[in-house]
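Working notes, beginning with the structure itself.
Labels for the chains are A, B, C and D, by order of writing; each one numbers its residues from 1.
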Amino acid sequence: MITYLEAIRLAQQKALATDPRVFLYGQDIASFGGAFKATKNLSKEFPGRVFDATLSEDAIVGMAIGAAIEGMRPIVEMQFADFSTCGLNQIVNHAATLYYRTGVPCPIVVRLPSGGTSGGGPFHSQSMEALYAHYPGLVVVTPATVEDAYTMLFDAVALDDPVIFCEHKFLYNHLKAESLPETSLPIGKARLARTGRDATIVTHGAMLHESLAAATELAEEGFELEIVDLRSVKPLDTDTILASVARTGRLLCVSEEWPWGGVTSEVIARVSAEGFGLLDVAPMRVNAKDTPVPYHPDLWSVHRPTASTIAAAARRLLLS
Amino acid sequence: MITYLEAIRLAQQKALATDPRVFLYGQDIASFGGAFKATKNLSKEFPGRVFDATLSEDAIVGMAIGAAIEGMRPIVEMQFADFSTCGLNQIVNHAATLYYRTGVPCPIVVRLPSGGTSGGGPFHSQSMEALYAHYPGLVVVTPATVEDAYTMLFDAVALDDPVIFCEHKFLYNHLKAESLPETSLPIGKARLARTGRDATIVTHGAMLHESLAAATELAEEGFELEIVDLRSVKPLDTDTILASVARTGRLLCVSEEWPWGGVTSEVIARVSAEGFGLLDVAPMRVNAKDTPVPYHPDLWSVHRPTASTIAAAARRLLLS
Amino acid sequence: MPKTSAAVTQADYIKAYRIMLLSRVLEEKLASLYRAGMIKGGVFLGRGQEALSVSVGIHLHRGDIFAPLIRDQAGRLAFGDTVLDTLRTYLGSQLGSMRGRDGNIHRGRPRDGYYAMISHLGAMIPAVSGGLFARRLKGERGVVGATCIGDGGTSTGAFHEGLNAAAVEKLPLVVVIANNQYAYSTPNSRQYACADLLDKAAGYGVVGHKADGTNLLDCLQTLRRAVQNARGGGGPQLVVADLLRLVGHGEHDDGQYVDPKLKASPLGGDCLVIAEHHILEQKWATAEEHAVWRREVETEVNSTADRVRREPPPDPEEDDWAALSCPEYREQYATS
Amino acid sequence: MPKTSAAVTQADYIKAYRIMLLSRVLEEKLASLYRAGMIKGGVFLGRGQEALSVSVGIHLHRGDIFAPLIRDQAGRLAFGDTVLDTLRTYLGSQLGSMRGRDGNIHRGRPRDGYYAMISHLGAMIPAVSGGLFARRLKGERGVVGATCIGDGGTSTGAFHEGLNAAAVEKLPLVVVIANNQYAYSTPNSRQYACADLLDKAAGYGVVGHKADGTNLLDCLQTLRRAVQNARGGGGPQLVVADLLRLVGHGEHDDGQYVDPKLKASPLGGDCLVIAEHHILEQKWATAEEHAVWRREVETEVNSTADRVRREPPPDPEEDDWAALSCPEYREQYATS
């Protein structure tokens, strides 16, 4: 069985093996294999292609940008997504503006181990997809399955533009697959993770699995929920969302991020603006609470959406 | 006549005069009076209370946080909003989490000279309110009038929580008022900038004035637009917005920021979720284009919303 | 203020040693609670760094500012933190200073000058500087602020900006670099290229001090001098202590990447053992007295742990879920 | 690679001087276009810094990497930038390298190793380092990368992180600090506390060089040595040149805060005038020849400016408004 984490490792392995322009750069990723072991053995397998970085997120991203200008395809690992705030300036103001300003694309991939886990606390749990999606010039992806972790990372490396790769730590060892696909939906396309006629849940990342569990719960009550896994939040596949809402007439957006200006508000804004007539009732959203992510497992499990809070919201939506 | 810029200067003067805990910290703000002269003469008037900082945004905010812990009320000036990305980590991960984590509030004000001006280009034009509003623990305000620039800055200093004060550079010398009010709406309350029955425009900052101009244009065509000036984008005064939409049935959100996850998407998401039945037609939005802010004046004036693009959108909304 | 620091006495040494011992025993307890699955997230220990850390905390007064980092359990205890609050924070007790909202090393009581670190390394340097700046503005004299960082942390922009700003303001700041040879798995050879981290002091225009991190006496003397210099108006002080992290980065890590040569070198000495030997050699205490000390701290740690484990966890229903202190500015979202 | 650099010849000096002269005349033109309202935003000149800047650009080869900063018009021209593209970028011409999307000093041609600075100071240091790192990975040898920064820029975290990372990788990077005594209005006394910015070199473990920024010969010699050291495998080189900004921060600023004592000191000398005198004294050219040089550059600058002013501005209707290179990933918004 291949875990989500192993899929990320294998995608990097494949990228290194097939594209000489690829190299890996990040803290503790060489002989140690990374804080989560996402690069385990790669430095041995690809000597001179995997480098330990200094404790300098700004320099890490800046170095990757320079290397990309020279035609390389760096994959950068942030030790936790939360530390990318220290490299944010280079990401949003340098990598993201390079093509627009100079016509030279900036093919870097920044891997962000994202999202909450038990005991992670305020600084090792953040979901930063909305922050990066707000800025023009970045592609922001949020794989929710082992298959997507693999194919989307490989595809991200092939892309000429900077990609923020939000991989979810909660899924690292939690998700497993029998085998890995050779191809898949391209970046930018959402996927129907479950079909149903009664309401559409739009979600991404770890919340896909909470939403699927909620749908199972609701199915026992006779409701069929359709679930759209966004896969990438920028670009956002409005067409697939609208097509689903056209079928169901009801929309629930679920995300582990903070609510203000997050994926849920962007999705609801688009559906309301572009598919107003498709909505039978008011769209709803379920987000994390608007506080830092708490440390204690009991607080954490209430802070983020779960199958049961999603199911409760879905029930309200279905009865409205 | 008092300009918007002078109002900001006077608010700081009043804060320094009335509260011994207040001090100012930022690049070139002491004897030079700041890049925009928002602190002109204050270092002379308040010796030992206005300090030139090193070229170190992270340290500037970090110092302000420490001073706030010790009971002071620092007002920090970023030379341009765009450079706050270099201090973002301290803002979103330190200032914004302090109260939640430790119970000790963090009363700092970070002034961000925001928004586009002719020839400003990609790095001197950004509107960063959405970035900060996404994070829990911050109050984010966007004064659009001389009066608000004055009262909201003074109120921001009095607030126990960190405030991101997005002052608009385009308005600095453009807006003038006869006199300054003693009191005003509190932070967190939106204001009806114009009443009308046909549609609601929700906007903030420099876009208020473009929207007002659009409303004047539309009035000549017989349409009466109501305009809500948000004043603060976090907290967002959903009640005032909903009350207006209840009267007009039509919503157009206008913002100079980039669209993805910006104020317009948050407002539309809230109105759709909480006031779905109030909407007669699909809500619309007008934003800046999803690229860096261009340098050439001709590109810039098409990149951001203007009275005429807002009027055009309003016409479509009214006829839909 | 005297220019030369008063000598470290036997009493000072023993006081410091006993805090080190308490810290070591407490950390062993934390490790065992972690292994038992009772602490979630991670446990990060200061084993091998107690001599340095205690020397920082012990030279600070009430009214000073201290922002400890990952491996400063000993310094925290010396500055007034308690076994009780340490355990409460690790176990996420409702009654701890962080009320379960934050945990492990991310704890403090800012109102008491004991700042609560954020994870982002380097960030506490400007924060302590700002605290000192505020004290100066308020007319307080003789205050010192200290903060610790690792070899890895010196590579952050925050370290640089913070130390530079403190130097420009000539603040009474003591920055202590625990050069434990690794940042997580990254050896110094991949972290910096200067001959010695002390070479950085001149580049900031601050006073530099070197200490042998395995030697309690040297740490005490060096920190006494540095703190007194700062207190006396000498501006920022940069202390670099060489030592070795005698444990994994966290308790999830066996640290097998650590070079055996380093372990075998003088850097690999255990400061606690060395100090114990010194006390016995100097006949400042007998082996029996020492055994009593250890039993005392073990009793304190164990009984406190038992007590905290019976305390209620934070109740999500009771929590106000408020990131802002002003209730009127808290946001309402139409979310579940 | 020779360890000692070849001497700077008369021809080298004159070549450099003539680029300085071109730069000065071009910048005067930019200032007048700004005053006439034809350039929007700002104009930031390198007056007084031409000797240093040209010395950087002139020692780089095709295939090297150069990331100039605010005051590097002379260095840009030496590296191959043109009067034409400078004017096009300032005037926002459609035909300029930035196509009106970015302007003034924010220009470059990254594909030619000529990186386009972003405003955030310090950011170009890791970018050039990354470029050099890539070249090394690709097996290229003998490449050098250079970038410039001000006294103020040394206070950024980016400067520190970038230079440190370059030192760890021992990259052939030359970082040139134009210590022009002010960052905008902020004097060095409020910017750093070290005795000399050169004291920073040891803290990074890089070679330090000092130059007299008012003296072209010294700048040429120093940069030649630094660039050759880097090219020869000596790792990062830090060059600190002392001089004075002989103009406001930008053309909107009269710089009246500059200390008159500094202006009157040797630091306040105008490198262009000093070099001109040197040439005349050395009889490397007559006053008449010099006058011809000046007329030539004036003609070039004026005629190019006239040409560019007739060029079309960017057409918003024609622009694809694309921040991403891959068309399929461009977002569509239901906005007007």
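Assume contacts are C-beta pairs under 8 Å (C-beta built on N, C-alpha and C of every residue); 3 or more make two chains touch, one makes a residue touch a chain.
None of these values were measured; they are calculated from a predicted model.
Trainee: Work out which chains are contact partners of both chain A and chain C.
Mentor: Expected: B, D.
Trainee: Taking each chain's centre as the mean of its CA atoms, which one is most distant from chain B?
Mentor: Greatest centre separation from chain B goes to chain C.
Trainee: Centre to centre, by mean C-alpha position, how many angstrom separate chain A and chain B?
Mentor: 30
Trainee: Hey, how far is the Cα centre of chain A from the one of chain D, in Å?
Mentor: Going by mean C-alpha positions, chain A sits 40 Å from chain D.
Trainee: Measuring from the mean C-alpha position of chain C to the mean C-alpha position of chain D, what distance in angstrom results?
Mentor: Distance between chain centres, rounded to whole Å: 44 Å.
Trainee: Where in chain C do residues touch two or more of the other chains?
Mentor: 98, 101-102, 106, 118-120, 155-158, 161, 164-165, 168, 190-192, 322-323, 330-331, 333-334
Trainee: Give me the residue numbers in chain B that touch at least two other chains, ranges are fine.
Mentor: Within chain B, the residues that touch at least two other chains are 54, 56, 58-59, 82, 85-86, 89, 93, 96-97, 100-101, 122-123, 136-137, 234, 236, 260, 264, 270, 273-274, 284-285, 289-292.
Trainee: Thinking of each chain as a vertex joined to the chains it touches, would you call that graph a line, ring, star, complete, or other?
Mentor: Looks like everything touches everything, fully connected.
Trainee: Which residues of chain A touch chain D in the complex?
Mentor: Chain A residues touching chain D: 23, 48-49, 53-54, 56-72, 74, 89-90, 93-94, 96-105, 136-137, 139, 159-161, 186-188, 234-236, 238, 270, 273-274.
Trainee: Would you tell me which residues of chain C are touching chain D in their complex?
Mentor: So the residues of chain C in touch with chain D come to 155-161, 164-165, 167-168, 170, 189-195, 199-206, 235.
Trainee: In the complex formed with chain C, which residues of chain A make contact?
Mentor: Listed in rising order, the residues of chain A that touch chain C are 27-28, 31-32, 35, 52, 54-56, 58-59, 79-80, 82-83, 85-86, 118-124, 259-260, 264, 284-287, 289-292, 294-299, 301-303, 305, 309-310, 312-313, 316.
Trainee: Which residues of chain D touch chain A once you look at their complex with the stated criterion?
Mentor: Within the complex, chain D contacts chain A at residues 65, 97-99, 101-102, 106, 108-111, 115-116, 118-120, 123-135, 137-138, 157-158, 161-162, 164-165, 168, 322-326, 328-334.
Trainee: Tell me, which parts of chain C touch chain A in their complex?
Mentor: Listed in rising order, the residues are 39-42, 92, 98, 100-104, 106, 118-121, 152-158, 183-186, 190-192, 257, 313-316, 319, 321-323, 330-331, 333-336.
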